[in-house]
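A, B, C and D label the chains in the order they appear, each numbered from 1.
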Amino acid sequence: MSTFGTLFRVTTYGESHCKSVGCIVDGVPPGMSLTEDDIQPQLSRRRPGQSKLSTPRNEKDRVEFQSGVEFGKTLGTPLAMIVRNEDQRPHDYSDMTNKYPRPSHADLTYMEKYGIQASSGGGRASARETIGRVAAGGIAEKFLKQVSNVEIVAFVTQIGEIKMDRNTFDPKFQHLLQTITREKVDNMGFIRCPDASVAGDMVKEIEKYRGNQDSIGGVVTCVVRNLPTGLGEPCFDKLEAMLAHAMLSIPASKGFEIGSGFAGVSVPGSKHNDMFYFDEETQRIRTKTNNSGGIQGGISNGENIYFSVPFKSVATISQEQHTCTYDGKDGVLAAKGRHDPAVTPRAIPIVEAMTALVLADALLIQKSRDYSRSIVH
Amino acid sequence: MSTFGTLFRVTTYGESHCKSVGCIVDGVPPGMSLTEDDIQPQLSRRRPGQSKLSTPRNEKDRVEFQSGVEFGKTLGTPLAMIVRNEDQRPHDYSDMTNKYPRPSHADLTYMEKYGIQASSGGGRASARETIGRVAAGGIAEKFLKQVSNVEIVAFVTQIGEIKMDRNTFDPKFQHLLQTITREKVDNMGFIRCPDASVAGDMVKEIEKYRGNQDSIGGVVTCVVRNLPTGLGEPCFDKLEAMLAHAMLSIPASKGFEIGSGFAGVSVPGSKHNDMFYFDEETQRIRTKTNNSGGIQGGISNGENIYFSVPFKSVATISQEQHTCTYDGKDGVLAAKGRHDPAVTPRAIPIVEAMTALVLADALLIQKSRDYSRSIVH
Amino acid sequence: MSTFGTLFRVTTYGESHCKSVGCIVDGVPPGMSLTEDDIQPQLSRRRPGQSKLSTPRNEKDRVEFQSGVEFGKTLGTPLAMIVRNEDQRPHDYSDMTNKYPRPSHADLTYMEKYGIQASSGGGRASARETIGRVAAGGIAEKFLKQVSNVEIVAFVTQIGEIKMDRNTFDPKFQHLLQTITREKVDNMGFIRCPDASVAGDMVKEIEKYRGNQDSIGGVVTCVVRNLPTGLGEPCFDKLEAMLAHAMLSIPASKGFEIGSGFAGVSVPGSKHNDMFYFDEETQRIRTKTNNSGGIQGGISNGENIYFSVPFKSVATISQEQHTCTYDGKDGVLAAKGRHDPAVTPRAIPIVEAMTALVLADALLIQKSRDYSRSIVH
Amino acid sequence: MSTFGTLFRVTTYGESHCKSVGCIVDGVPPGMSLTEDDIQPQLSRRRPGQSKLSTPRNEKDRVEFQSGVEFGKTLGTPLAMIVRNEDQRPHDYSDMTNKYPRPSHADLTYMEKYGIQASSGGGRASARETIGRVAAGGIAEKFLKQVSNVEIVAFVTQIGEIKMDRNTFDPKFQHLLQTITREKVDNMGFIRCPDASVAGDMVKEIEKYRGNQDSIGGVVTCVVRNLPTGLGEPCFDKLEAMLAHAMLSIPASKGFEIGSGFAGVSVPGSKHNDMFYFDEETQRIRTKTNNSGGIQGGISNGENIYFSVPFKSVATISQEQHTCTYDGKDGVLAAKGRHDPAVTPRAIPIVEAMTALVLADALLIQKSRDYSRSIVH
């Protein structure tokens, strides 16, 4: 369904070529300073048309608050946001897509599920659907910032074969997680990889596939700092389970790993276990290493949360593909127009937004428990 | 929280040393033949004490239906199941754990979250919590079997450094996914790896870490065959998002990847895209390859669904660990008793159960849509 | 929260003086013919300014689809609808309300709950909030019509002391329930009471209170015909429980009774029980009487569902009220401008909409069960 | 479904003649002192066989905790409770009910919905289902008591034609609401009506119908005192909407009214409005009257919450009823055995339990908002 969250809850709507896309956010903290300017930066980071390497579809993606805010303060009531679809071309793809379900796109499965499809093909599976998520995430982020200066920073760690080191057992990588900022990420240009030694090669990798009318995937890594302890709702809604749910709901994502992830399985318990120590500075028990990725038993432990998400190569490519039509006849499909050969860098603000939505919700739930704990005996 | 699912819904309870563990399953199809014998096999597969290499804790784990079934037929009402905790030793770990939060276990985070902890330490984070899941999954599986002979088979593909080939682009691996059965998996002994050429080495790997009073992780891969198309609820409850949520809710899991997963990001779109063709045998459009892993746009497309889940090395090890006490003093902790050096093989029925729960729920939701589709115009 | 329903789900937003009010409807049957013209009639019936006796606030309340429909067919994706607030006067009430919480309005409790309040006073407690409900209900109604010609008709049965006979044991009343239509209701003018013998007195009753700068309440009765059997989800989501939830969520409603309701408690079981008989015409078992109100054991039995909802006298009145300010000082408040002395007739389309939302959701849930039932053995 | 609540959540199971009935409670405040003795009193009040006038079915209804508590303290994890069905007679009713759906019982609708039925007839529609609710309510009550000494007292205000005065505009009735206690209610014997002037007549009324092998209904009124302000979640989950949902989910209930209810509609706004004043004793703004019933705009205002619930005459009567068989043939049905002619008094602890469940959940939700409010700016 199109609702996500329990107490901090977003409901989104919109496909690529309808009047507008947007969302309703319920459970917004009341009395919070909030204007469209708080939301716009991440929407702009998400926006196509930011460089010669991305799609030329040129939208302004200006968010408009409809409700829930007055005189710059949230009312605690549902906050609706809309972003108009200014560049509507509903029949752009229609000649081909009426005949051909696009390979590895959602055309055929949407037809199976709904028996009908948006004329543009993309419909609700379009990346444009994510605008509502990013807008909602902006509110969650602003709230989390005020809670405990929570910082969420995502960045590109791999494009095709080109990867920066993300060995989670390497102190250098842990140092990067501790110090990376959005500013540093954006300073690397559209590629959004903070490792200057590979960023150039990543750009070349994308250009190569672009030249071949092909596409290539990548990996986004995300870190959360300064999160309170105690977040996450075992046994089914462990914090990493909610994050995984959120990440796999993003178009084109194919996985999720937290902390040591897949690589960690070959590290024995004696090395993988994060030993406790008492930290004089913060006056609390911390872990010497952080192979757990900031979550133990499904609950945040106050260390950095970090995870990675692979995004597959974009399905829409300009070269010819031997496939078949909706009625089962062999044929050749080639997408018209220009297409993004790599969307991984644009996934950054979406990953950050979904992370913020998960955390804000988990925090509100835990705070109700903290309350109940404080009064019983 | 401890409820999972919308229409097919399970609520679990129980920690390692209370009276019983179990669950309530709501939304069970009414009129289905069902006895405890349908549930017991997977519970027994989950059970410790099945071989010299696993923990000697010797429980019978007999499930008892409490409600929702009469004369061997389900009533459609909530079906409660309990499994008694026969081997209760509530204070077994208490001397140490009263002082030391066990590294990479949930002791400290449970204390942060709830301000109290089960005396056994393990509490709700114990693997014993998963009994309710496996019991509920047994009902879901029996239902799915009758829908369209849905088959769910999980198996071990990696233990420590020892891995069988799980290159998803390799036709041999795809063939394995098509042909693997639970019988074949169980025929490999407790290791549950279907590749005889590595299974022996995996056993040795476990023995090695056992000898070192250490532990080691592994990867479970799972395949779903014969699933109807159209399952999954974009945009937030895409089928892979629900599977990821389910998998990351299993104790010790650290990730999830579906289809080509992390490795797929370096395969260009032209190779990664799954081309369509009309299959004469089944009289429907299928894909030549299945890099998508049976889900496109968040919706099942009728191909095999397959995914992998890494399980970290068991946190409880017998060797000494330099860590600190709850009140922050340095010290050395060593777990008493004998412990499982590798739980990955025992995760198999849990992975299968959680998969079945996700699929049964998604199916019921989609069938309501199919109905609505069939009558509107 | 502002989300209602499980499979057919509406999320609303908007207060009285923000940019727009509206909703997102999720779970819309795909492929259904739908245009704004299907939605507008009930919105217009809900609209103020329809007669000299109601408030002069003159809005057009034109609904605009934002998504989820293309070329007049629903896509099955979330359908967003907005209605602009054309007559925005954010500070209209502010002088008084900044000082005085209006008696029996939500001013003080909103302040308690959120610590902030919309400047207009009304905010989310304004009747304008119901626009999103009515819009969503229009979709549910169109769907239910196609399912089995489900008819939902609400009408006024009481204004102040003036009541038409609603003795549910009287065959005449049951006949009325069987035959009443929206056309007949609307033919009675704005009063919407189908009993011509009392409708005139009801109008006079309203005029009397209007003359006194006072207000008066009333009762709305609603009937549902042609609903399939089997709807409702015991034990907590019995069909009458969902209807009661829906009705008590409407502003100013103070109760709910179904079937024989409060009066039925003094009728002994021997008379109250609805005897079964086999109906040759419909070839199914029906009940001779319908004191149950079409629901038994929380599940629809195919007879007419009927229930009544009392709406209290409007809280906003023009006469002076001796009350106190937000900071606790005694004082006198009088609402400025002209106010509706009786909103009961305008509640009609809201009651119908909420009824439709409950029924559409219950139907979709039951159809998934019908499916599961049909395949197990 | 069989789950109720968002943060404080109960899931129940069990029908009249299965092994046990019970529930799982999730969201229990951690660290709370709790033993079975906290739960048993209300279960015993609910129990049949308490007087010569009620059913002789003689069960002990002893609750057994399964999990979530250790050494008398809650762990914050799911708390499962079971009550064994000691007096199982699965085929007691079967001869008749195999042929006859009992009039105004759930037999036929359960068959319509599920296509199968518990052999005992009653199944999940049995009053025995409510045991899980009462057990869960006991936890909620203990929590609410510690929050702010919240008191919930329900009592009988009508049996058949015999009613005590419940004119909500009468200060005497408001005084009763302020002073009534469970002890006073129980001191009136099984009839549980605090007005000695009518209690005797109520008993006679029941005896009369019992003599006639008939049954009679009644009304339960409930008051909540000392509840914090700010509870209730507009627009759909207003506090009265949740209470109505809860009350209409109780077997045999036919309605709900809060505050002035149905009678209030004929009282003009000038009299119905509750004027504000500053209360020196509590140092907060209160209302002079309480026609609102403690809830305004869907949110608790700190005044007493009070509402009434009608319960229909018991459907099971011993006299012959001319009805028809499942296959549509006319015939005569008479219930065997002895039956309760009036269950209204036994509904008291169920009404109280469901009230507590609604309030505990609303409180936890609001406390998370209070938190979020406290930190934003």
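Please note the rule applied: a residue touches a chain if its C-beta (ideal position, glycine included) is under 8 Å from a C-beta of that chain, and two chains touch if they have at least 3 such contacts.
None of these values were measured; they are calculated from a predicted model.
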Per Cα centroids, the chain farthest from chain B: C
Type of chain C:chain D copy interface by residue overlap (half), same or different: same
Chain C and chain D, separation of their C-alpha mean positions in angstrom: 25
Whole-Å separation of chain centres (CA-atom averages), chain A against chain D: 45
Centre-to-centre distance between chain C and chain A (centres being mean Cα positions), rounded to whole Å: 39
Where chain D touches two or more other chains at once, by residue number: 1-3, 12, 27, 30-31, 74, 76-77, 113-115, 124, 234, 369, 373
Of chain D, residues touching chain B in the complex: 1-3, 9, 11-15, 18-22, 24, 26-27, 30-31, 64-71, 73-80, 82, 90, 113-119, 123-124
In the complex, chain A residues that touch chain D: 6-7, 27, 29-33, 74, 76-77, 143, 146-147, 234, 364-365, 367-373, 375-377
Touch list for chain A against partner chain B, complex: 1-4, 12, 100-101, 103-110, 112-115, 124-125, 129, 158, 160-161, 209, 212, 214-219, 229-230, 232-238, 240-249, 251, 254-262, 264-270, 272-278, 285, 287, 291-293, 295-302, 308, 310-317, 319, 321-324, 326, 328-330, 344, 366, 369, 373
